[in-house]
Structures are given as C-alpha cells and as structure tokens.
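Across the two complexes that follow, subunit A remains constant while its partner is subunit B and subsequently subunit C.
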Partner chain A sequence: MAASSLLSRLLPMRDDRGSSAFFVVLLAVAVAVPILHLAVPEGSALHLSTYTVTLLGKYLSYALLAVALDLIWGYCGILSLGHTAFFALGGYAMGMYLMRQIGSRGVYGDPVLPDFMVFLDWKALPWFWHGFDMFWFAMLMVVLAPGVLAYVFGWFAFRSRVTGVYLSIITQALTYALLLAFFRNEMGFGGNNGLTDFKDLLGYDLQSSNTRVALFLCTAIALGLGYAASRYIVGSRFGRVIEAVRDAEARTRFIGYKVENYKLWLFTFSAALAGIAGALYVPQVGIINPGEFAPINSIEVVVWVAIGGRGTLYGAVVGALLVNYAKTVLTGALPEIWLYALGALFVVVTVFLPQGIVGLLRRKEATA
Partner chain B sequence: MSVMSRAGALFDRSRVFDFLIEGQPPPALDLKHNVILYLEGITVSFDGFRALNDLNLYIEAGELRCIIGPNGAGKTTMMDVITGKTRPDAGSAWFGQRLNLLNMSEPEIAQAGIGRKFQKPTVFQEHTVFENLELAMAGDKSVWKILFAKLTPQQRDRIDEVLGIIGLPDLREQRAGSLSHGQKQWLEIGMLLMQEPELLLVDEPVAGMTPQETERTAELLVSLAGRHSVVVVEHDMDFVRSIARTVTVLHEGSVLAEGSMDSVQNDPRVVEVYLGE
Partner chain C sequence: MTDHATLVPTPPAARGRAGAMRGVRIWLAALLLGLGPAPALMAQDDSADAGQAATASQDASATLAPLLAELGGAGYREKQALVARMVALGAPNTRLALRAFLDGALYQRAADGKVFIAVEDGDDHYSLTDPLTGAAAGGASGGLKRIRTNNALRKALRQAIAQFELSDPDAAVRLASARELVDDLDEDTVALLRQRAPVEKDAEVLAEIETGLALADLGSADAEGRMAAIEHLRGSMKTAVYNRLNLIAEGDPDTAVRKAAAAAVRGIDGWRKVYGWIETLFFGMSLGSVLVLAAIGLAITFGVMGVINMAHGELMMIGAYTTYCMQLLMPEHIGLSMVLSIPAAFIVSGAFGVAIERGIVRFLYGRPLETLLATFGLSLILQQLVRSIFSPLNRSVSTPDFMSGTLQINEALSLTYNRLYIIVFALIVFVLLQLILKRTTLGLKVRAVSQNRAMARAMGIRSEWVDAATFGLGAGIAGVAGVALSQLTNVGPNLGQSYIIDSFMVVVFGGVGNLWGTLISGLSLGVINKLLEPYSGAVLAKILVLVFLILFIQRRPRGLFPHKGRAAEGH
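And now, the complex of A and B:
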C-alpha cells in the first residue's frame, strides 16, 4: 500500500479509495502483463498470448474513452451520445500516419499514395494527408482534430444553452453525419473499408510481440495519466463548479460563473482524451473504418459508464472492462444474444443499481 | 463601398484594436447620485399577459426596501429582470450610473455585484455546506483561475465567519441536500453574503422559518443595510413591519404605492387590492 499512499499525496484524492485502488491495480497489470507475455515461456499455463495482450490493450483504450465520457456525463450532466466520434477521429489521425508509413510496401507499391487512392485512380495526395508522414504532426492531430471539433460544436451548443436530451440528440446527429461522410470514397479516408493493412509504427513492426507489449504499456500509461488529469479536475474547485452546473445550472450562473465556458473547456478536454484513446486503439486492432462512428457505439460507451457507476471515474473503468470482457466471451459463444444481454444488463443496472456496480460496493462498505 | 471603407478602417495603420489596450477595467459601479438601481418603464409580457407593466422603481444606495404585493403582482419577474434571467420588452434597467443591466448576462450581473436569494431555496444539494459557501465566494470566476484555485487562510476564515453568522458551523461537512428547509434558507443567505454583493435581492427569506429564525433573519437584514442595499420581497406582514423603512406595493405589474409601512397600510387603494382581502 506504499504506492497508494504516495499517490494520494501526489494527487488531491484523499478519501478516494477507489482511485487509489485503480492506480495500484493498473500498476500491477502494467508490470505483470509484459512479464507473463515475454518472460514466461510459451506452453506454460501462466503465459499470455499476443492475442490476450492486444485484447487487454484494447480494453484499456476503451477504459480511457469511458473515463472521458464519465467526466462530462457523471460530473457535468452532459450526456454525449456521440463520443465515439472523437474516439474515431483520433483513430483516423493515427491511421493516416500508419498508412503513410506503409510507403511502397502496399499492394500497388506507390511510394506516396496509399493503396485505396491508387485504386480510386487519384494522382496526388489530398492536401489534408500532407504532414501525416511525420509522427509528431500525427500525434498533434490526434488531440487537435477531436479537440477543435468539440470546441466548435460546444461553442455553438453551449452558447445557445442547448441542454439535456436535445444536446444528446445533436451529438447523435454529429456522429451519424461523420459516419455518412467517412463512408464516401470522395472524402479521402478510404471510404467503406477505412484504413488498414498497417505495417509499422516509428519503424517497429506492428506484428512483433515487443511492439504489442509496448503499445499495451503506452495505453496503460495514457490511461493512468488521463485518469490522473481527470481526477485532478474533478477534485479542484473547477470540479465542484461543474457538479454545481449538473445539479442547478441556472443557480450557478446567478453566483457569477460563465457556465458555457466551463462546459466548453470540459467538453473539449474530454474529446481530446477520447481522441487519444482512439489513437491507441487503432494500431492494436489494426484497422479503423467508418463503423467506429456508428451511433450504437457511442450508446455502448454510455452503457459501460452507467453499469460501472457514473460520477466516480474508477466506476467508468470497471464498467468498460467488465462489459467488454463479457462482450468478448458472449460474442464468441452466443453471438446473437449479445445485444439482448447488453440491453438487459443496462435495464437491470438502471433500475436496481442507479449508482452502478461500484455503487453496490460502496453501499456494502457503508453497511458493514 | 461600405465593405471597402470597412476594410480600409481595419487596415488603417493608426487603428488601435480594443483587445490591445491593456488593463481596461470594466466600468465600475458608480453611485455618485446615491441611487444603486434604476428601473424605468419596464414592461414584460408572457404570451400577451403583462407580468410587468411600465414599472418604475429606484433603490437608493444603502437602503433596505421591502416589496409587497398579491400573488402575480410581478415581484419575482422584477427580480428576474434585474438579474438578467428575463429580458424586458421595453424599458431600461441601470445598476448605478454606468452599468446597463439589459446588456449583461446573468454571470456578469452577479460579478458586478447583484446577489439573489431565490424564493425556493436552491442550494447545491450534492455539495457540502462549506463547498456551497466556497462556490459562492466573491473573486475571479474564470475557468483557468478556478481550476488552480486554492483557499487562502483569509478566505477560509471568511467562510468560517459566515458559517457562524448563519448558525451552521457544526454542519459544515454535511451535504446541503440533507439540511432542513430553514437551514437551507440560511445557507442561501450565507451564499449571498459570500458573494459580497452591493445589492442583495432577497425573495421570501423567512418562508418555512420558525419565529426565532425569522427574528434572527430580520436582525441580519437590518444589519446589512447601510453597507449594502437590500431589496426584500416578502408575504409575511409582521416580518415586513419589523424591518421596513420604505415599502413598495406592486399590483398588476406596476407600482401602486410607496412610502412608510403606516402610510402604505392606510392607503385605500392598497387596502382594496391587498391588505383588505
């Protein structure tokens, strides 16, 4: 417990055992997974396959997305039903970098143009693909593309005081519009097929074990840092203001807070976090296509957070991990019942556990 | 041509852009004529119903004014206009000599120094009593400042002092949602004090209070007058009589009578619409 006491001194999270537990578990997983994969010989019962490492990395990127959503929904009451739009934009920015890294190793062997552009008979790289051969530029876009979109969207939505269910509907429309746009070949993002067939990242082969472990570790670190930043925000006076906005928006205005600015910056930060999650997701799953913009995906993220327990951050992580693990198991065993199971789980949690799974644990603790 | 001339003005090399002028403070509250609030010819209609009808009201600096009137007389609508919640169809509203309330948003009005206590106590239910006061505290409320804000010892003392004034020092860590109705009223008054406003708008402060609490509220409001200007809307006639120097009677959206409690009570028009009922 030395690590947790050190962390609680570094971060303003006294009385927050959930967050301390999160950091201890994350640290343990980040140490154990590489060892079990690289040091334990194959064939041993404790050996983790490359598949498992990648799967865990994918779960962690989902957890970061869930934290981003919990930040705006659980703490500020902004129910975004389009948050995977920002996740997918971050993913596309990373995907564009990976496409440019393929170079002449593509099927058509064009040194500059990605395969799908050659196939569409394009002669030159569209202007918005320039710069993505540079890693730093792509990483900047991972944060900027979702961040700027969220800022512009939020500027209009929050200034017009669109709230509640209306805002949720507009976020759905946003992600759906992007879905339709990215499906078009003319958009220049690979259309229906999206971006795939990636070879390497910063010169490291994406298929190798070491790269997979490194990506897993990067995701774990990003989740840890994203969580810590979010925890700082909700623990600060800013956090108390956004909770006040959630509970009584008009009242918050009358004591002198410009509510729309608070919402705008929180929303933008959350979108940038979602973009980072998407950028870590893409190299691990090896593809990004317009399906990631599907409104149903965004709703699924909301379900993770609701099931885990909103307004706690660690609840979002728990929800994302549990639901996605259940999804992996169930879609493998009984693919046709997964959506029913998810729906049933959501209804049960909403009716019987309004605080989610972590709320159940906390209640037990309180009665014990 | 106008586009060209506007472009010309934009590129005029002697032009000084507003944002380049440093340290331009917002116009401060100016009380040189000793009047803190001017409402002139204010009219507000909701779907044809005139909630306020050519309302004229002046509040002097440091004054304690009570506003009474039957239900639907426009008391709450008037407060909504002053605090920026409702925009009037006609009229003007000035805070001191220089601040035009009709051009300001709710947070700007609050920052300029108008604090409001609502009819229905609205405290932040999920926050503790202490946090409620901290949120209301006067100061820079911009995003960046608040993100890194730390309570100074002076601010902490100020919150403790207000906790003492409102009689809730033992409940500082209590969730505000778990307070009784009267305690919430007090907490909201405490939040008003933390804002350090020049003008306090207090809507039905003693509803749901015990006689002792009512008495303490009366003492507090009287003690605030002088340093601050206070406008109280209240139904409780005994309470109004105990604190009022000047009383304004609203009826159907405009001022029916104004004066001392005795003169107002003896006004036959007032007796007819309100007190005589």
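And now, the complex of A and C:
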C-alpha cells in the first residue's frame, strides 16, 4: 500500500483507484510468485511449478502488449489491427540475440552462423545480424525496430489523415505483409520455423527455474514501468490533447494543435512498448516465428482490451489476463469449446458491454 | 503391375502359331515400308491378306481377333508386321486396339489367349474391354500379361493410328492427329499429310496440314522452295516451326533464306510476347475476378452500410460448403448440382446474413470499429461450427466436366476453362448487383437509407427492413462467391480467413461505397499481382502489392473513386 501511495503522489493519478489496485496486485504477485516457487517445497499444494511461473510471465507480457494497445485505442481512438507486428519485431530482435548466444552449440556447430543459415548454405552472416551478439545492441533494437517502423508508418498515415476504419485496415495490411515477408527463407529470419532452440540469456541457462523466475520478475517490472509511463502520459497535458483528438480530431486541429505529431509520438511509444513485451515473451516461450505476425493475433489483442474495458489501462491488463487464462483452461480441457467461447465473448462484450468488465464494475458502483 | 505381368507364362498355342506365320509377316513389313502405310494402297495389292480387307467389315473384325491373339507371343519385329496387317484389314475397331496397344493397355489373358484392353481400377484389379467390339468385358485380377512395345513399334503404331485418324469423319479427331503428326515429322508422316491435303475440307485441319508440309519444304534442296515455306510459316505459333526457323536463320547456305528466316523468327518472337502478355493479363483477370467476387459483397455491407463484416469470409465459406452439400445430395449430376448451388448458396448465406444483422449488427450502427469486433467473434464461431459439423479437414468438391479442360487458342496461348468461367461469372454477378441497386425498388431504398437515413425514414421507408435486406444481399453474394471459390481452392474451415484481408484491400483501394471502384480495383490488383509475379515470385508480389496499397491510401485516403459530398465524411 505504501508503494502505491508513493506512486500516486509521484504520478498525476487523480482519483484513480483502478491503477492503485493494479500496482498493489502486481507487487503482491511479483513478491508471492518467486516465494511460492522457490521457498515452498515441491510437494506442497501452494507450490508453483516452473511451468506456471513461465505461464504467468507470458500473461504479463501479453498484459504489457494490451496496455500498449489501450494507450492508442482507448485514449486516442487509433484502432491498430497490426500491433502484434511490433510485438513480434521486438521478439525477433530478442530472438536474434538468443540465436547468437547459441554459438557453436547448434546442431551444425558453426561458431557464428545459426543453424538455419548453415542449412540454407549461407556463407556469411547477413548485415542485419551483426551486432546482435551484444546484449545492449539487441535491447536497443527491441525498442528501435518497432519504434522506427511505427514512426515511419505513422508519419505517412497520420500526415495523410488516414483515420478510422482505413487506418485499421492498413495496419492489418502492414502486419500481413510482414507475415508474408518473414515466411520467406531469403529474409534471413529462419523462414517458417522462425528462431528457436535457445540456450541461454546473458549466460544464464534458459531452462533453469531461477532464470525463469528472473524473467518473470523482469516482465512484472517491465509491466509496472510500462504501465506507469503510460499512466503518466495520459495524465499529462500531452494526454489531454490525445483525448481531445480521440473525441474531436477536427476541432483539436482547428484550435491549433498539430494533431499528427501527437498521434505519431503516441503511436511510436506504444509500438516500442509492444516491442518490449515481445522481447520478454520470446525467452519465456522459447520460440518466435512468423505466426506471431498473423492478423488474427492482433485482433485478439484488441479483444482483450475491449473485454477488459478500454481507455482505462488497468482494464486492458484485466482483459489480457482473463482471456488468456480462459484460453489456457479451455484449450486444455475443452478445445472444441474455446473458439465458441472466445467468439461469443467478442459478440457479447461489444454488443452489451461497450465499456468492458471494468465499465460494468464502475456502473455497479455508481448505482450502489 | 509389371511384376505381376511377367509372372504369367505366355500360352504355348499362341507361340506356335506366331512362329508359323513369321515369313508372311516379314514380307508384309517390307511391303509396308516400301509403299508407305496408306490403307488404300494396301487394298489394291493382290496379296491374300490385303484381299481380305476388301471384303465386308464384320468379316474383318472376325479376322482381327487372331491377329490380336498372335501379338502376345510375337517378337517386336513380328508385332510390327502384325500391326501392318491389322492396318491393311481396316476393321472398324482397329484404331481403338492400336491406341490401347500404344498406351500399353493391351493385355492377353493367360487362360484362353484372348486379348483385352485393361485398365487398372484398384489393387491389382483390372476392368476389361473387348477391343473387337469396344464393349465392356468384365474384370480380372491377375492372369493377364501385358503386350509390350518398343520404340520402333511405338513409332509404327503412331503412324498407323494417325493414318486411321486422318481419315476419321470427325474433324476434331483429324485436327488432333494432324497436330501430332506435324510435331513429329518424317518421310512417312509427310507422305500421309501430302495424301490427305487435297481431300481435306475442314479449314483448320487443312491449315495444320499445310504447316506440316511447309515445315517439310524447309528441308527442300532449292532456295526458292525454302523461301516459299518460310513465307507460309511466318505467323505460325508452333514450337516446332519456331525451332526449325531458328536453325535455318543460323545455318542455311543461302543468305536471302537466312534473312527471311530471321525476320520470320523475329515476327514470331513479337507475337509470342504479345500472347505472353495476353496470358498474364488473363491470369491477372481471373485472380482479379476472384477478388471482385470476394469483395463485392463486402463493398455492399462495408460501403453502403458502413458495417465492417469480418465474418464475410465465413459467409463465403458457408457458400462453398453449400456447394459441397449439394454435390453430396446429387453425386450423379455434378454439373447440375453446381448450377443449383448458386441459388442455394445465395439463400443459405443470405439467411445467415439476415440473422447476423438482426441479431448483432443492428445494435452497433454508427460504431464501425465495434461491428468489426463483434463480427470477428462471429467468424470464429462459424469456423468452429464448420469444424464440428463437417471436420477440420478440407472437403473435396469435384469440378463439373464443362469447367475442366483448356481452350487451346494456339501453341503459345491456352486458357483454362475454369478461370474463364470465373471471369464471366464475376462479371455476371457484378452486372446483376448493379441492376438490383440501380433498377429495383429495393436498390432505391438501399441507396436512400445509405445517403440519409433520417430523411429516408421520413419518406416512409422502413429502414430496419432495408438494413436487413442489404446485409442479406451482401451475405448472399458472399455465398455465391463461395461457390466459385470451391472450384479454385480447398473447401475448409480456413477458406474465409485467407480472403478477408484481400477483400478489404480491394474495397478500400476502389473507394468505399462504389461498386465500380470495387470492380476496377479488384481486377487491377489481380493483374498487378500477376505482372509482378514473374519478376519477384508470388509471395514478394503480394507483399509489394500490400506495400503499394499502404502507400496508395496515404495519397488518396478515400480510394480510387471516392464518394463525393458530405456523405463521405460519415463513413
């Protein structure tokens, strides 16, 4: 509680009980999960397996992605149907670092070239693979690759005043084009199979449970920081303008704001956030392949946010966690039912709960 | 097949007879080579066998039987002689038997030495046809020995068959035969063609024969003759002609002939390029028509109503599955079921569409991004529904006869019928849709509601009813598109997904709310795709088109043909 009140004093969170609750829960989880995994003996009912820790870490990276999307959709009205493109680019940047870390431990034992390049009979590392043996460079790319793409894409799109449905469709075209491109072996990203068989990260074995816990903690911290940054942005003057753009773009422009610049920087920030989420996702699931670019994945992210409740940030987190938990449970127990359930969730939420679960709770509170 | 064939011993009876007749056959073979293989010439000969050919044909088919039976035990040279005798006989079904022999489908039954045309129709089971009558003669599993051929024999067989076919009453058979001969010219075939040329009535067959003769003349000794032949062959698109002219352009002793040949080659090159372009255009048009079919229903729901229907692809899928079901209902009449599938798919998908509109979409008017989410959820449900009812695997839909095959325009250009039909079909659907929107009361109401809902309502139009009908119409068109797609791709639960993004691109490129825009953008995107493909490969072509679209929308955010006026801002 102390931490959250400190945060709320640092950040302009006027009367934001949702965010406070988010930080409290996140802190509690970040403390409890490692303890339950490492300190509680394996036979105990309270013990969390490595699998569960990794699964939770994966959920948290999804939550960060959802926050990134909520930032532009909920606050600025930009519905990106291609946000997993940025997520996947961040993931690929991390994957390339992890590939270089394999070194001569690959199947073909080449000290420099990853297995798939040896398999394709390539003699030298393509130019864009250089530098990825250095962690700092890879981390820079995790932010820069999606950020620059988003900046360039947004620069064109927002200056031409492409809005609404049209923007959604061209973001979808973007991720679809990337999907097709990354499937090609000639691109040099492992083609269909993507990047996998990772061994270690900064020298720590990726299979060990300590590394898994550390990754989980990193993801939790990244989510906390990403959330705080987003919260800060939407609470600032910049955020006010962004909301004005969402509600009345033409008016905001006439008042004298350079609407496209506001949109562009928000979009770029959101893409970088998505890239970080992707970079945290990859070492935990152990693979990145072009399937991550699939437009359907992006739409699924939109649904997490819609279900949780957009324009609140914590709603996005709630939605991402709930839907993914439901997905894990249902695809395990009743794989047939999962798509029905997800589909029905889409329909019910959009038709009957335009403000999502969070909106429902708020409305209850208001009537009580 | 061969393993089992060699295991069966040849009947001794056939072997004995074959030996006794050897002398006669060798003599006949010599005669055949000397005089050319024309049946008419053979009939005039006074040998015993040729005399038989002159007698009645029912008689001849009776004497064909022992000749066939002898084939089994004969050596290759003896077989050749036997073939010559069969040709000389001129029995009505000789062509059938020779064709089967050439195709390696002639078998001898070990039990009684009888010869059949056998086609393997299952594991070691053959269905038999009597070569004498052309009638089915039951089946057999085992006990058959294939009558083998070698190169020389196959050549003789081809020649013999061509001889029959060149005088066939059916012009199509003559044409096919002439083509075959021209591709494989030698002295004997040229003789055959020369013989046929004066009596041939059909213009197309005659042209083919003359091409063949001109090709033969290219080898003539005097330059004059070669020049004339080159002149004749100038516009021909045949590969054989092209290769031959190329050789002459390089190696002919006469300079004038070389020049003429080179000019002819350049001319042909030019035409080949033109035909290549036509073919690319055709492929592009057919891909474009598929895109138009897929997108045009979307253009209505998205363009006219402002609703983003992500389940549009699944409505196409439903149309494709309707086709599949219709074929299950009438497996005997594939062609008819195909035709009936079109209205059936329209009704089924249309009904789904009306249900979607009434159940979901009507709550979401004015919120296009949310219709996107709701209908996307619906698309997941529909996909899973299909998986549960049919299976997650692809279903196979057969192609009716009238849609298979190719339209061969010349050797450089052939168009497949299914693509041709798709283009025509897309255009018909487009015209019908335009007529509905522009000439019917429903169309008038749809346009009125899309332009100004409040005013339309004030004029007494029941806008809710119009909404449902419009959505149903768009969905029905999607179903019809599904019927067409069932002929082109796999019918499976993912059919819709693979088309939905392309369809949106087409609508946005063309300009929302403009059916002409959809038509033009669909066709041009298809053509652009196919134009790029030879240079970049299929995947890269698609990527380039997507990038082009992304950039295009920056320049013209409202598409090729934007809606003019205030209504455009509403979308």
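FYI, the second predicted complex is superposed on the first by the 367 of 368 C-alpha atoms of A that agree within 3 Å, B and C clash if a C-alpha of one lies under 4 Å from a C-alpha of the other, contacts with A are read in each partner's own complex, and residues count from 1 in each chain.
Keep in mind that, in the parts below, a residue touches a chain if its C-beta (ideal position, glycine included) is under 8 Å from a C-beta of that chain, and two chains touch if they have at least 3 such contacts.
Note that the coordinates shown come from a computational prediction; the quantities given were computed from them, not determined experimentally.
Participant: With subunit A superposed, do subunit B and subunit C clash or fit?
Facilitator: fit
Participant: Applying the document's definition of touch, where does A:Ala333 land relative to subunit B and subunit C: first, second, both, or neither?
Facilitator: After superposition on chain A, A:Ala333 lies in contact with neither partner.
Participant: Looking at the overlay, what does A:Ala39 touch: subunit B (first), subunit C (second), both, or neither?
Facilitator: After superposing on A, A:Ala39 lies clear of both subunit B and subunit C.
Participant: Pick one for A:Phe238: touches subunit B only (first), subunit C only (second), both, or neither.
Facilitator: So A:Phe238 only meets subunit B here.
Participant: Applying the document's definition of touch, where does A:Asp247 land relative to subunit B and subunit C: first, second, both, or neither?
Facilitator: first
Participant: Could you look at A:Lys258 and tell me whether it touches subunit B, subunit C, both or neither (first, second, both, neither)?
Facilitator: After superposition on chain A, A:Lys258 lies in contact with subunit B alone.
Participant: Between subunit B and subunit C, pick out the one touching the greater number of residues of subunit A.
Facilitator: The partner making contact with more of subunit A's residues is C.
Participant: Can you report the least C-alpha distance between subunit B and subunit C in the superposed arrangement, rounded to whole Å?
Facilitator: Taking the overlay as described at the top, subunit B lies 8 Å from subunit C at its nearest C-alpha.
Participant: Which bits of subunit A are touching subunit C when the two form their complex?
Facilitator: Against subunit C, subunit A makes touches at 79, 153, 156-157, 159-166, 168-170, 172-174, 176-177, 180-181, 183-184, 295-296, 299, 302-303, 306, 336, 339-340, 342-347, 349-351, 354.
Participant: Report the residues of subunit A in contact with subunit B in the complex, numbered from low to high.
Facilitator: These residues of subunit A touch subunit B: 233, 236-238, 240-241, 243-244, 247-248, 250-259, 261-262, 265.
Participant: How about subunit C: which of its residues touch subunit A in the complex?
Facilitator: That would be residues 308, 310, 360, 363-364, 367-374, 376-381, 383-384, 387-388, 497, 501, 504-505, 508, 539-540, 542-543, 546-547, 549-551, 553-555, 557, 571 of subunit C.
Participant: Quick one: in the complex, what on subunit B touches subunit A?
Facilitator: 83, 85, 105-107, 110-111, 115-116, 118, 122, 124-127, 131, 134-136, 138, 141-143, 146-149, 191, 195
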